[in-house]
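In order of appearance the chains are A, B, C and D, and numbering begins at 1 in each one.
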Amino acid sequence: MKGPVDLVFYVLAAVTVGSAILVATLPNIIYAAVALLFAFFGVAGLYILVSADFLAATQVLVYVGGILVLIMFAVFLSSRISSVELSNPVHFRLPAAAICLALFGVLAHTAVSPAFIPKPQVTYQPTTAEIGELLMTRYLLPFEVASVLLLAALIGAALLSRPDRPDIPRPDMEEP
Amino acid sequence: MALDKMLVVGAALFCCGLYTILTRRNAVAVLMGVELVLNAANINFVAFSHYVSRMIGGQIFAVFVIVLAAAEAAVALAIFLRLFATTGTVEVDTADHLRG
Amino acid sequence: MIRYAYIIPFLPLAAFFVNIAVGKRLPRKGDWLSIGTIGAGLVMSIVIFFEVFRIYDPNFRYHVVVPWLSLGGRFVIHAGVLIDNLTAVMLVVVTGVSTLVHIFSVGYMHGDPRYSRYFAYLSVFSFSMLGLVLAESFFFIYIFWELVGFSSYALIGFWFEKKSAADAGKKAFIVNRVGDFGFLIGFLLLFATTGVLGYDEVFRAIGEGKIGGTLLTLAGIGIFCGAIGKSAQFPLHVWLPDAMEGPTPVSALIHAATMVAAGVYLVGRVYPIFTPDAFLFIAYVGLLTLFITGTIAITATDIKKVLAYSTCSQLGYMILGLGVGGYTAGLAHLTTHAAFKACLFLGSGSVIHAVHSQEITEMGGLRKKMPITFVTFLIATLAIAGVPLFSGFYSKDMILGAALEFGLKNPHHMILFAGALLTAGMTAFYMFRLVIRTFLGEPVDRHKFEHAHESPPNMWVPLVILAGLSFSFWYSGWFGDLVRKPASAIPAVHALKATPAGAHAVSSAPSPEGRFGLASGLAHAGTPKAPQGASGHGSAVPPAHSKGGHGTPVPPAGHGPAGGHDAEGVGPHAAASPDAAHDEHLAHTAHTWAMRLSILFAGLGIGLAFVVYLFGWINPVKVASTLKPVHTFLVNKWYFDELYEATAVNGTKALSRALGWFDLTVVDGLVNLCAHLGVWFSYLTGKFDNYVVDGAVNGVADVTIGSGSFFRRFQTGKLYHYVFILAGGVLIIFLVKAF
Amino acid sequence: MDFINSHILTLMTFLPVAGAAIILMMPSGRDNLVKTIAAVASFLPVLLAVQLWFLYDRTVAGVNVASQFQFVEHYRWIPSINVEYFLGADGISMPMIMLTTIVSFLAVVGSWGIEKQIKGYMALILLLETGMMGVFCALDFFLFYVFWEVMLLPMYFLIGIWGGPRREYAAIKFFLYTLLGSVLMLLVMLALYFNTTNPETGGHTFNMLHYMQQSTHNGWLKGFDIRILLFLGLFIGFAIKVPLFPFHTWLPDAHVEAPTAISVILAGILLKMGTYGLMRISFPMFPDVTKWFVIPMAVLGAINIVYGALCAMAQSDLKKLVAYSSVSHMGFCLLGMAALTPAGMVGASFQMFSHGMITSMLFFLVGVIYDRAHHRDIDGFGGLGAVVPVYTFFITVAFFASLGLPGFSGFVAEAMVFIGSFSVFRTIVMISASGIIIVAAFHLWALQRVFLGPLNPKYAQLEEINSREIFCLAPLALMTLILGVYPMPVLNLMSASLNHLVDVVNMVI
């Protein structure tokens, strides 16, 4: 069923993959971050195509709103010395390119191989209620564990990023 | 809009993420690569859940991945800040004290 | 008394043990004990002799046996006593001479520090000699054979301080042992084939053909080797002259009368076992001995050495006599020789005792100082020279007769008679040389002459007795009758071209109680009576007893085993067959010619001696110088001593040194080599253990470290390296799964 | 009294070791007490031996017939591997038992001159006597082997500690050499053990008599060549002990370095172990192989005789000379045994007994002169005959007994060996008979260089032999003479059994 859905898919795919390539190749880190932004949006779009609307929403909310902002902060904080280091030094490119292309080739080959039998097309249905119900019933345990994990991460990140205060005995973070 | 195209896109994302991790010397950039790889995984989850199993288990899993990604990014960036505070740079290569 | 004959040897044995143990503490140091025991032996022997004499039967035989050693019946050795005419005579000879020598020794050995031990040794010698004479089996005669050898060793080496005496004793024993080795092989051969040891049993077994031909000849020669060793015959005669180192009475007893005669006695005792070839061997050994020692005696200057060589020579005569079939001749000569040679030795003993020197060159003219010794010495010399009327002539003439007869029958063996005749002349020559240089002529050494004195009675009495026994009337006649040649035990003897005729035993007037006195000596010389029955080999014909009626019935059957196939005429008198007549004629001519020739040669010898030494017409020194090489050759005793020294003695010593060295270095070396190999091998395993096993352990350690350091390089600390490897791993897994 | 009679062999074997135990408990200072205890401990077996002599029944021959053994003691010792404490005596071991008790007692008395650690010395010598007695009485191969090793150990220490200058070398050499032999024996023992089943118990057994029964049927040990192997193993083990030609070099060293009494025991008894072993074990168990191996044995015997005699002649040390003469005499034993005739076998066994007497006497005498002159070099002496007449008398008796003069037991043994073996090996015996000349030569030559000839001034004051030494020598000399004149008392002991043994080996029975 050629038509508008495939077209949208191809556009979204092109945006995602292109921005991903930009993230990998742009020397400047800031530009890379922006490219990442577009990549996240492309992925969210793909979710919608696959009727995973709740997921698209969380994607946009968490990834773009949360993680990307964090990265931006990190980039700005870590480049206090305004210098050319903002640029994103690159090394080890050749072997990395080789291994990535090889892996892409292999993965694509398996993806295309007829091992998977796709189900016939199903119309879109909203999934949020179902997800909410499932989270509270079958997947209650991972949900709770995830919340504990987030709490630990929260405390950990806060503890790690506190500025040094000599009066509070902190575990000795050994100088480099 | 078949399953195989979704998987190819996932693979492409995964490889770009991997390439970023391997080539970037800046810790934050490496983190970005990690995020790309996680998204690639999510695409696969969702694609399979949609095209193969007709159950939305895959999507729930993707949700959890996103949650974890957030936690992970937070902790990673805290470490990088601490690293930056102690060593003055964020380059991945300098933190190689744990070498053999 | 014959039943108690076995006691005779044990008397001296008892004296030996007593003297050895407590001899010193006995009164007169125990010499009376020895003399007493041997004297008792003499009395008993004489009684036995007359008992046997009264029976007057050539086949008299008293044989009693008791089992001595038995292994549960499967193997038995008997001990026993065998007395026949020969034994009776020998008993008297041995005990008689022994007693006289004992008496003589009292004077001669007076004042010797080991006086009692000397008499002990004399007693043990007498025991062994008597045992030898009485033995009835090869085993026991071998035992006494060696015991006699031991006692002669002890007596020769009596004054052992002198190295030469010790050497002489050792030499005597070893040379005797060489002879005994042959004797042992001989009687072992006999035992191995016949399974028995006693004389009669062996003779019977040979008769049954259990052993014969060359093996029997070998056994015979083996046993004769014993005689060669003991009677100092040709190859083994070297010990007798050296044996003169012993005291002179010892020489008189052992090396003149008894022991050396043991060999002749042995040949006589086992006469039937010898095959014709063995007889030839015996005859030629006898010839060689008498000739060689005869020549050496001519040049000897030591009085005892001359007598020693003359003994060897006379023994050669006896052996020759036995060899050529003159059984009675040989044994008669043994008996007569015992008497006059003992007299000569004791005479020389009294001379030495008086002059304290043995070299005849230093003596001379002693007849004035020592008349009795001179007279007895002269009588004995006349006897040995073979002058008629004396015992020597009687027995030596018999031997020459037998030799001539044998020669006539086997012309190619005429050398036997020729050699014997020539040496008879030589004997007369050197004996009279000795008498002249010692007693007649002018004294050479005034000092010694002054000191010379006649020996005390206990020394010259035995001399007189022995001299008395040197007259032929004692022996002529009865000896021939009693001691007859036993028939040979060999069944089918292939007679030589002319078997040594048996009719040799010249026996004159038979009757013992017949005419004694000088006449009989001459009478018998004249006409050999009717020849005895030809008891040639193999004939079972009993030796015909001489004619003339001495009345005692002579049992016809000879003891020899039946089965002689070519038995000539059976009846004692019926010498019917022409062969026997021819033999008788032959024997008759042989003896007359032998007698005439021997008187001629004896006369020549005596004359030559007087010419050379008394009248001085021929200067001995000039003769010696002209025949320089011969003279030195003879003076050095044909270089036998040197020959044996170089070959046998030094050979064995060198061989033993070589083996000693071989044993020490090679065999021991091998053992030590094993030890060193063991040590070296353990060193090797030590090293191996160090480097290889330990090395392996260290190797493992090194490998781990090496690999550790190798992989360490991968932990670069660079994050991207790890991710790269991670990705590489995933890729490889994918590829592996795919293909 | 009947307890003693029924356990006489055990008593005789273990009395000495009991004495040794008592000695070890003695305070060290009391030498005389130790010596007396040792003497008593070794004299009691002599009394028991006399008792044994009267109890022994001469008509019964018990070579391989269990019922015919006398003084049998048969108890289970190690049930798990069927080892039995099995003692017994027959014609083969009786003379050896008598010899052991007598010579050991005389050796103990003879070693009263030892000063160094007399306690240890006496204890070891008594232990040695137990070992020897055990070997001669044991009828169980395991027990035999145990006693064989027990006998070996004290010997090593006795030579090693109380010996002469090169004692360690000699002791080690002796020990290792004999051990090599016993290792071979051990291997054969195991082979036999695993191939025989005890008829009663059905399990494996060490009982020698069962081996002998098995030997009759030829299936045993899987064939003839295996049996040859086993026989040769045993033969080498025993040949070392005899000692036979190639394996004899330990003997001169051991003798030269051993103290007097020890070399008396070594020569007097230990050398007989080899020939006894052959008679007790090799011959009855492998009759067919024995018959096959007869010629080499005779040849070895002949070599021993002639080679030993010649080597003896080359020696300058008196003790080495006597040692080599022992080699020569033991050659006679082997020649006699190889003949497999009654006369030969009895001659060999009688030679073992008489040689035990004669060499003991010889070694005592050499010891006497060594104690006085402190050296044994033959050429160092000269003309001692005049100075020490009594000693000279004894050594003349010993030397003439040793060279086989009739009237001594040596001659009877040699004559019987010759008579027994001549019909079987004619040329070999002729060669061995030539040995008697060489034996006579070296004996007389030695006697002359030491005792005859001009007196060596150095020994003008040599002291005469004392009464203790005479006490040791006189019985030996007397027995040699008595057995030489009338050998039946000892021959009676052995003739029944040895005739039986000869029949067994000739496979007549």
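Methods note: contacts are C-beta pairs under 8 Å (C-beta built on N, C-alpha and C of every residue); 3 or more make two chains touch, one makes a residue touch a chain.
Keep in mind that this is a model prediction, so the values were computed, not measured.
> Sort out for me whether B-C or C-D is joined by the greater number of C-beta contact pairs.
When B-C is set beside C-D, the one with more contacts is C-D.
> Starting from the mean Cα coordinates of chain A and chain D, work out the distance between those two points in Å.
Each chain reduced to its C-alpha mean, chain A and chain D end up 104 Å apart.
> Roughly how far is chain C from chain D, going centre to centre by Cα mean, in whole Å?
37
> Need the CA-centroid distance for the pair chain B / chain C, whole Å please.
Computed from C-alpha means, the inter-chain centre distance equals 129 Å.
> How many Å are there between the centre of chain B and the centre of chain D, using C-alpha atoms for each centre?
99
> Hey, what residues on chain D touch two or more of the other chains?
Nothing qualifies.
> Quick one: which residues in chain B touch 2 or more of the other chains?
Residue numbers touching two or more other chains: 18, 22-23, 93, 95, 97.
> Could you tell me which residues belong to chain C and also touch two or more other chains?
720, 724, 727
> Once you draw an edge for every pair of touching chains, what topology comes out, line, ring, star, complete or other?
The chain contacts form none of line, ring, star or complete graph.
> Tell me, which parts of chain C touch chain D in their complex?
So the residues of chain C touching chain D come out as 20, 68-72, 74-75, 139, 142-144, 146-147, 150, 153, 157, 160-163, 165-167, 169-170, 173-174, 177-178, 180-181, 184-185, 188-189, 191-193, 652-653, 655-661, 663, 667-668, 671, 675.
> Considering the complex alone, what residue numbers of chain C touch chain B?
Within the complex, chain C touches chain B at residues 711-720, 723-724, 727.
> Please output the residues of chain B touching chain C within their complex, sorted ascending.
Listed in rising order, the residues of chain B that touch chain C are 18, 21-23, 30, 92-93, 95-100.
> Which residues of chain B touch chain A in the complex?
The contact residues of chain B facing chain A are 1-20, 22-29, 31-33, 35-36, 39, 42-43, 46-47, 49-52, 54, 56-57, 59-60, 62-64, 66-75, 77-82, 84-87, 89-91, 93-95, 97.
> Please output the residues of chain C touching chain A within their complex, sorted ascending.
720-721, 724, 727-728, 730-731, 734-735, 738
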